[in-house]
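When the chains are written out, they are named A, B and C in that same order, and each has its own residue count from 1.
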Amino acid sequence: MWTWFHRLASPPTFYRLADRLVPWLGLLAAGLLGYGIFGGLLLAPADYQQGDAFRIIYVHVPAAALSLSVYVLMAAAGAVAVIWRIKLAECVLVAAAPIGASFTALALVTGMLWGKPMWGAYWVWDARLTSELILLFLYAGVIGLNQAIEEPRAAARACGLLALIGVINVPIVHYSVEWWNSLHQGSTILKLGRPNMSADMARPLYAALLGTYCFFGVALLRRVQNELLLRERGTAWVKEQLRSAHV
Amino acid sequence: MSLIAVENLAVARGGRTLLRGLDLAVQAGEVLHLRGGNGAGKTSLLEVLCGLRVPLEGAFRQRPEPQALHWLGHKNALNLALTPLENLGFWCGLNSVAEDALLPVLQRLGIERLRHRPCRTLSAGQKRRCALARLLLAPRPLWLLDEPLDGLDAQGLGLFAQLLAEHLGRGGAAIVTSHQPLPPGVPGVREWQLA
Amino acid sequence: MAAGVIGAFTAVLRRELRLAARARAEWLMPPLFFVIVVTLFGLGAKPNDPLLADFAPAILWVGALLAALLTLERLFRADYEDGTLEQIFIAPAPAIAAIAAKLSAHWLLTGLPLALLAAPLAAALGFPSAALPALTAGLALGTPVLSLIGGFAAALTVGLPRAGVLLPLLVLPLVTPIVIFGAGAARAAQSGLPADAPLYFLAAVLVLGLTLLPWATTAALRNAFE
């Protein structure tokens, strides 16, 4: 188990594995997202209260889910980087931050666009919107810290510590903001047992959600590969990789 | 018996590997004088040996306890707003060392008259002497010294040689980086050129 | 070993207080800044605007937070630059004792004066005196967390030539729960409601911070040597 883990964490092995995974994940992402968008925008019936405006959830919900998942992934990678000093974890952490920040920004923008017809204003101090904004600041802190520290490995470990403290803070922020005020409509899909969404609305949503995760996988793997090439430049395996790619 | 021993050490700084495959052991009564050009990795190696920096590869065969080693970096660890007495008194508290030895040690280093002056008014050599005073405040067998001769005058160099010779005579050892040759009068010096 | 921990803690604390006594202007800056910010809020509003009292919790908390940020950058910087931090990490006592002492000193010299200053400033804004205990209790529980989080952020940026804008960017999102609960306690008391729920939350966050942040700060400082 541990030897397997160590082999996977070695940069050349991971690089080649990523090369093999990316096309499949990409295909999966395209299919799922294609169905999700098509099904969500055209096939699903309009909401009886919100009309067509609800259709933004096919972008908003996946983006919001990713914004949190990516931060948790960053914190996990940060823990591995800080405790075991594994280079691959450092790359994952650093590579994931801008993607997560983009999803957070997307969730915020779509949330605001949705808020205009629903609440009558682009911005209301609603619990989830506000925590999402603070999450964006947390991402900005990680990205800023990583760019400020010159030595890349020390930068990644500093970011790891920050992400770890940040991930503990996220539920506290969320809870505090919720305590402070809540206008947001209740969670729609995570209510197990009694789904309050019709199946032909929900199916494209699940597809879009899964598709976005796959898309994130592709983006992350490619960014990690670039990080690895950059950090390991000058080593034999990178030179060989570049030679075989005819660069 | 060696006071510190490492094998197959690799040291990196700023993403660059400076040293690789280094085996090193220092015996009691021995001074290892590390030499090498700027950027050869002397300071980084010392930082690894004293435990401040994690080596890229390699392991300690014999690792000194924190109570068994003195570290003198190229920075003096003196707060410029405090006096030598306050700075060294703080060090004693930090290390749970009795402060009785403070005055005799300052006398030995020839800086007892400066003890109530803020360190910002001291010259570079005087500050270096203050930093060297720590070596005498607590007897510890292994000294790791980074450019200890910086700023010392001729008399200071002689004093340093004397202190080091006494330390070796008591069964101590030292690893020293220095661009200039160590002052005469230190026995058991082994030079090591880092590529 | 326990003796070494206590020795290191008291040595660092004594040194910090001595340094503060020697550079008094530096530690008078945050309270002064706090007073100025609150005064400017008063001047920005209509004379004797009764709305100021409603906004007093927010004004006081943001003012205290920004004032506490002022001294953060210097918290570990000087010790990092002059080599004292190296001696702290080399010493036989665990470095966390010394780091905890530095964080405590920061609270004693910055957080505590701000918490004490809040009551008279609140009164000046027309904040009801019956609600002052909740406000002060909130600040007394919240300012140590500001010192802990601020110290952590300062440790992350200690090796940088200028932490500048980065430091507030790291600190502010992490302290939002403190501001929400702290100002929330004051607002609850202001409208005659019990303030214990937010105060208990603040206490819980403080305990969590005390458990985690000294370790994280020590790890961040150690990381700065590489």
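One rule holds in what follows: a residue touches a chain if its C-beta (ideal position, glycine included) is under 8 Å from a C-beta of that chain, and two chains touch if they have at least 3 such contacts.
The shown structure was predicted, so the numbers you read here are calculated from the model rather than taken from an experiment.
K.L.:
Which of the two pairs, A-C or A-B, is linked by more C-beta contacts?
P.N.:
Between A-B and A-C, contacts are more numerous in A-C.
K.L.:
Which chain is in the middle, if each chain's centre is the mean of its C-alpha atoms?
P.N.:
C
K.L.:
So what's the Cα centroid distance for subunit B and subunit C, whole Å?
P.N.:
Centres of subunit B and subunit C (C-alpha means) sit 37 Å apart.
K.L.:
Can you compute the centre-to-centre distance for subunit A and subunit C, using the mean CA position of each chain? Integer Å is fine.
P.N.:
Once rounded, the distance between the two centres reads 32 Å.
K.L.:
Hey, how far is the Cα centre of subunit A from the one of subunit B, in Å?
P.N.:
Computed from C-alpha means, the inter-chain centre distance equals 49 Å.
K.L.:
Could you pull out the residues of subunit C that touch at least 2 other chains?
P.N.:
226
K.L.:
Spell out, as numbers or ranges, the residues of subunit B touching 2 or more other chains.
P.N.:
54
K.L.:
Send over the residues of subunit A in touch with two or more other chains.
P.N.:
151, 153
K.L.:
Considering only the defined contacts, which subunit A positions touch subunit C in the complex?
P.N.:
Interface residues on the subunit A side: 82, 134-135, 137-138, 140-141, 144-145, 148-149, 151, 153-154, 157-158, 161-162, 164-166, 168-169, 172-173, 175-177, 179-180.
K.L.:
Would you mind writing out the residues of subunit C in touch with subunit B in their complex?
P.N.:
It is residues 3-4, 7-8, 10-12, 14-15, 18-19, 22-23, 78-79, 81-84, 86-93, 98, 225-226 of subunit C that touch subunit B.
K.L.:
Give every residue of subunit A touching subunit B within the complex, in rising order.
P.N.:
Answer in residue numbers: 85, 150-153, 231.
K.L.:
For the complex, give me every residue of subunit B touching subunit A.
P.N.:
Counting only subunit B, the residues touching subunit A are 14-15, 54.
K.L.:
Mind listing the subunit C positions that touch subunit A in their complex?
P.N.:
These residues of subunit C touch subunit A: 149, 152, 156-157, 159-160, 163, 166, 169-170, 172-174, 176-177, 180-181, 184, 198, 201, 205, 208, 212-213, 216, 219-220, 223-224, 226.
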